[in-house]
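Note that chain A is present in both complexes that follow, paired respectively with chain B and with chain C.
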Partner chain A sequence: MTTSTATFVSERRAAWVLLAPLTFFFAIFFALPIVLAAVQSFQETKVSGGLGIGGVSTVFAGFDNYVAVLTDGAILQGFLRVLLLGVIQVPVMMAIAILMALLFDAGIIWGRQFFQTAAFLPHAIPGVIAALIWGGLYLPQISPIVKGLAALGIKADFLGNTTVLFSVMNITTWEWIGYNMIILYAALQSVPREILESARVEGAGGIRIALSIKLPLIVPALVISLAFSIIGSIQQFASPVVLSTFTSNIDSKFTPNMAVFTLAGGDGVPQRAYALAMVIALLAFVLSFAVLRIRDRTESNR
Partner chain B sequence: MTLEGLRQGDGTDTRPETVLKPQNRPNRRRAGTRLPVVIGMAIIIVLTVYCLFPIYWTVIASTKSTNELASTSGVWFSFPIHLVQNIRSLFSVDGGLFGRWMLNSVLYAAVGGVGCMLISGAAGYALAMLRFRGSRGASAIILVGTMLPATVLAFPQFLVLTNLGLVNTYWAVLLPSLISPFSVFLARMFAIQSVPRDLIEAARIDGAGEFRIARTLGATLMAPGLVTILLIHVVAIWNNFFLPLLVLNAADKLPATVGLYLWNGKVTQNPDYQSLVIIGSLVSAIPLIVLFLTLQRYWRSGLATGAVKA
Partner chain C sequence: MNVLVDAFNQTHKDVTVKLGAVPGGQAAYEKIQTAVKAGVGPDVAMVEYQEIPTLAAAGVLQDVTSLTSKYKAEFQPAAWKEAGFLGKQYGLPHDLGPMVMYYNNSLFQKAGIPVPTTWAEFQSEAATLKQKTGAAMGSYLNYGLFLEAISAQAGAHWFGTAGNSWQVAINDASSKKALNYWTDLTTSGEAIMDKGFNAGYWSDLDSGKIATYITGAWGYRGLEGNLKATSGDWKVALVPQWDASHPVNASIGGSVTAVMKGAKYPDAAIEFAKWLTTDPAAFKLAYQNSGFYPATVNGASLPEYSTPDPFLGGQKVGAVYAKAASQVDSSWQWGPVMTSLNLQLQDALPKSLQAGSANSMLDTIQNQTVSDMKAAGFGVTKG
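Here is the complex of A and B:
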């Protein structure tokens, strides 16, 4: 009895010591920033006395900052863009990733290791670098793709007013196809072989097995990949920022995160940047918890 | 879907021998399987070209002068090859700034990566293995933390760093990169998977102190997982863009990614930067590609664990 109590005390002491560094840095660079941002998002700076003679004071502003950012047309367009990313880019990317994972899992691909590594390789390229590379491939002066299409009589403009959003989508797809493929492939590999075996004995073909047996069994992994991709879309930042150095068709509030950066800058309104950051965080949370719910439901149905 | 099941698919094919390996599966033996193989291979090859072409183009473009970039075909070398000249000017232009950026990236990634690994490893072990009040609550906070977008956090962190007077110093990038809820989450998972509770109990009965157990047993058994955490976080820091862009404005403190982005903004005024950005992209991606190719196993196991996160 006494030994176990002593053990418990020393365990507790050890736990606090081991957790101390994390707690320290978490408090300063995680909890504190969020609290400060939340507080500031409800404040505004007022210049009293007019003509800048009086002091600058901070006053409570209620939801003014939130109203300001959520009625800003440019910011709303940014939200619309990431929504389009979520409903166009994510499904296309996931469909390709599923197709690849199913093909690899079907055992009909020679040199699977090589092809999987190749598909995953873009993920090893830093996001900014990926955008710089694709920017070069979009730029008419140097792009072999634009030149090649021109030789075929097709005039391609990847950096146009409407096309540039799809060009952003393409960069994201390129970076994450292999990543999602690996996750889905791993899930497919864990499908019990007996199930597939008995389906085969029943006379089901490869495609039939893939669609009606394998796919339903990897739905939980699929839901998670899908959801994290959508949450990732909301955070779009590096690709459009980098592409904006190639074209003037990406404005400073092209995505919500770019709007945060713009509002945070020199002549922006920091409190509005905080308010917008809060909105984005809230969206990410709501989506994450929705994913948890959906996943729990799909798992309990099995 | 169990974690074990997922981990089995990490590409190393660790399935027990009784399980049919893909190439032995009966559908290969079915009559008329040639067509699916041809179609399947065709699809995979097309997608592989899509995945590899931009990297291939970067390599080709890195060997060309600025003039040749525009005047020659982008899909094959033009001779003479300018690779050496390009690398030389990459490291000499603007007073050798690019070399400085690469060193900065290495510094940020190495210090931040190792620091984060140690902090997360210790915390993950404690959360998984030690009984204390608040353990569940702390784990829940970590889980919520993994859902918070890093980009959302960057601007609020900037505020704190300003108040601490750290803006425009190495600390401004290093200190926030020491914590990563996702790394703690992974460390906890790896501890649960790889450190048997019985072993810890046995060590306790033998009279070993908690710290000694954590250091010898915990750290040793968690080592492969810790490598994964290090790898994932090093990549995350190398990719870091939003925070350095906000907190740094001295050119000599930038990491390579931000530096190249700034150079790209100069291309319109000075076209010479075009080829510098391309060769710079290649050079700054190489360390990560090497890490990726040599440590693929760890990377994949992290992915498999990450897939069941939340």
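Here is the complex of A and C:
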């Protein structure tokens, strides 16, 4: 009795000792900043003395900052844009990534390693550099694509008021197809070969195997990829920021994350940036939670 | 800036300057503000004129009126005014961006048009230029400081102070006149809107698609560094006027060597600031590296300004810059919310072009600015 209690206590102590570093750094670098941001999102800075040179004080603002950011038309449009991104870009990208992963897994493609590396390479390029490269391909004055299309009599405007969002989607797709393809390909590789063998013996063709056996078996990996992609859509930042130096059609609140950056750096009410950040974090949390719940349900149904 | 600091340290044995480079833009001011408040700030910082009221309000600037007043006569009045706020001086002006017009002289000759001296001439010549060469006359730069400068030149005063409150007049008749003038030019294809400072814009200038670039005197370095085919075709002239008998100019950009609150050696800071702006060797380095035009009254005395400039077809630019600088109206006052205001302007400008008028954009931004300032605790009366 006493020995087992002692073992239990010492095990518990060991657990705490082992958990301590993670807990410590999690608290300092993750939990604390979130708590501070949450607190500040309910505050605002007031200048005094009429002209603003009488000192600065921080006061409780209630939900003022939340109301301000959620009634800002430009910010709401930004949310709409990332929604479109999630609805249009994510499915297109996932479809291409799945197709490529299935092709590679089926061993159909000659020179698999080369093509796999080539497909993954864009992801190895830092996002800002990628956006700069694409910026050069979009800018009408220097773009070989725009010039080539013009020679064929097609007038292309990749940075136009309505087209620029699709140009952003294109960069994201280009950057992330390879990444998703690798995750899905790894999942496909771990599908037990016996299952595939027996399906083949039963007379299933390549397409039938892909759709009825392989895809259902990699649903967990698919859901993870999907969750990351959706969170990535909400967090869209680098590409539009870079492209905004080329065109006036990307405003300073083009995506929610850009709006946070704009509000935080301005001379207005920086606490509004915290309020918006909390909204975005909550949204990302709810969406990832929903996606993971869907996965759990599909898992338990099997 | 590195070369400048090295040069200063070599010639000044009693004072040593350490340079801390911060990224440009708003992030830099945030970083400086945080550092000053934490008591680990720099003694001096290069601050753009339009940020002085904001930083003064944030309490990060050191009042150095008593240390600097003896130098007042050496500086352009507009620069001197913008280096301070409400009668307090926060440093010494470093450079000024008097608005000038860089123009592609060979396009002008092809179209047979003279250098316009008024905005009316600019507009009528724009039609001729478009007809004869297909080129657009002007660049409607979607850049807050440009929009403020053309408004200021037309007589606008966006911000002012009266007693204990700010006066805000962003949507006055002068601003509407200036912005609608450019809206009309752009609508008719005689000007092209661009954010500027990007490869596409330089290409438009270098391929003869746009004939003029109106900007601060410092714009020269960007032109020279990015234009190849038309090097030698360009010249610089004074900016066109609304009323040629009363020439008025405005400044685009420019900065102050400002002393930060808590500076341990404010007098050494001023010595450095003074050297940075008035020492010929220092300004030669600044000119070579960034094309800054000095904020001093005799800024054009730098020998480089009286040497024929190959990019500008052998023109000697000093006289143009000096006159442009002397015409800068010193009654312009920056407000305490320039960063967010400039972003609002840049965000809204494309829509004003679609609407064909800048009126509702200026009205909206005026109302937004007043309500934002009131919410932040400023006293505001309409200007």
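The rule we apply is simple: the second predicted complex is superposed on the first by the 261 of 302 C-alpha atoms of A that agree within 3 Å, B and C clash if a C-alpha of one lies under 4 Å from a C-alpha of the other, contacts with A are read in each partner's own complex, and residues count from 1 in each chain.
FYI, a residue touches a chain if its C-beta (ideal position, glycine included) is under 8 Å from a C-beta of that chain, and two chains touch if they have at least 3 such contacts.
Please read all numbers here as calculations on a predicted model, not as lab measurements.
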Problem set entry | Partner, of chain C and chain B, that touches more residues belonging to chain A | B
For this session: Pick one for A:Ile125: touches chain B only (first), chain C only (second), both, or neither.
Result: first
For this session: Answer with first, second, both or neither: which of chain B and chain C does A:Ser233 touch in the superposed model?
Result: neither
Exercise. In the superposed arrangement, which partner chain does A:Leu32 touch: chain B (first), chain C (second), both, or neither?
Worked result: first
For this session: Report for A:Ala221: first if it touches chain B alone, second if chain C alone, otherwise both or neither.
Result: first
For this session: Would you sort A:Asp267 into first (chain B), second (chain C), both or neither based on which partner it touches?
Result: second
Exercise. Can A:Lys46 be said to touch chain B (first), chain C (second), both, or neither?
Worked result: second
For this session: Identify the partner contact of A:Gly136: answer first if only chain B is touched, second if only chain C is, both if each is, neither if none is.
Result: both
Problem set entry | Touched partner set for A:Ser167, first chain B, second chain C, both or neither | neither
For this session: Determine, under the contact definition given at the top, whether A:Thr245 touches first (chain B), second (chain C), both, or neither.
Result: both
For this session: Residue by residue on chain A, keep only those touching chain B in one complex and chain C in the other, then list them.
Result: 136, 141-142, 245-246
Problem set entry | Residues of chain B that touch chain A when the two form their complex | 1-2, 4-11, 15, 19-28, 30, 33, 36-37, 40-41, 43-44, 47-48, 50-52, 54-55, 57-58, 61, 69-70, 73-75, 118-120, 122-123, 125-127, 130-133, 135, 138, 144-145, 147-153, 155-160, 175-176, 178-179, 181, 184, 204, 209-211, 214, 235, 238-239, 241-242, 245-246, 257-258, 260-261, 264-265, 267, 274, 277-278, 281, 284-285, 288-289, 291-293, 296, 300, 303-304, 306-308, 310
Problem set entry | Partner chain B, residues of chain A touching it in the complex | 7-8, 10-19, 21-22, 25-26, 28-30, 32-34, 36-37, 40, 96, 99-100, 103-110, 112-113, 115-130, 132-137, 141-144, 147-148, 174, 177-179, 182-183, 185-190, 193, 196-197, 200, 205-206, 209, 218, 220-221, 224-225, 231, 234-235, 237-238, 241-242, 245-246, 257, 260-261, 264, 270, 273-274, 277, 280-281, 284-285, 288, 291-292, 295, 299
Problem set entry | Interface residues, chain A side, partner chain C - complex | 44-53, 55-56, 74, 136, 139-142, 161, 244-249, 251-253, 262, 265-269
Problem set entry | Parts of chain C lying in touch with chain A, wherever the complex brings them together | 25-27, 30, 53-54, 56-59, 85-86, 142, 161, 163-166, 193-195, 197-201, 203-204, 207, 209, 336-340, 343, 346-347, 349-350, 372, 375-379
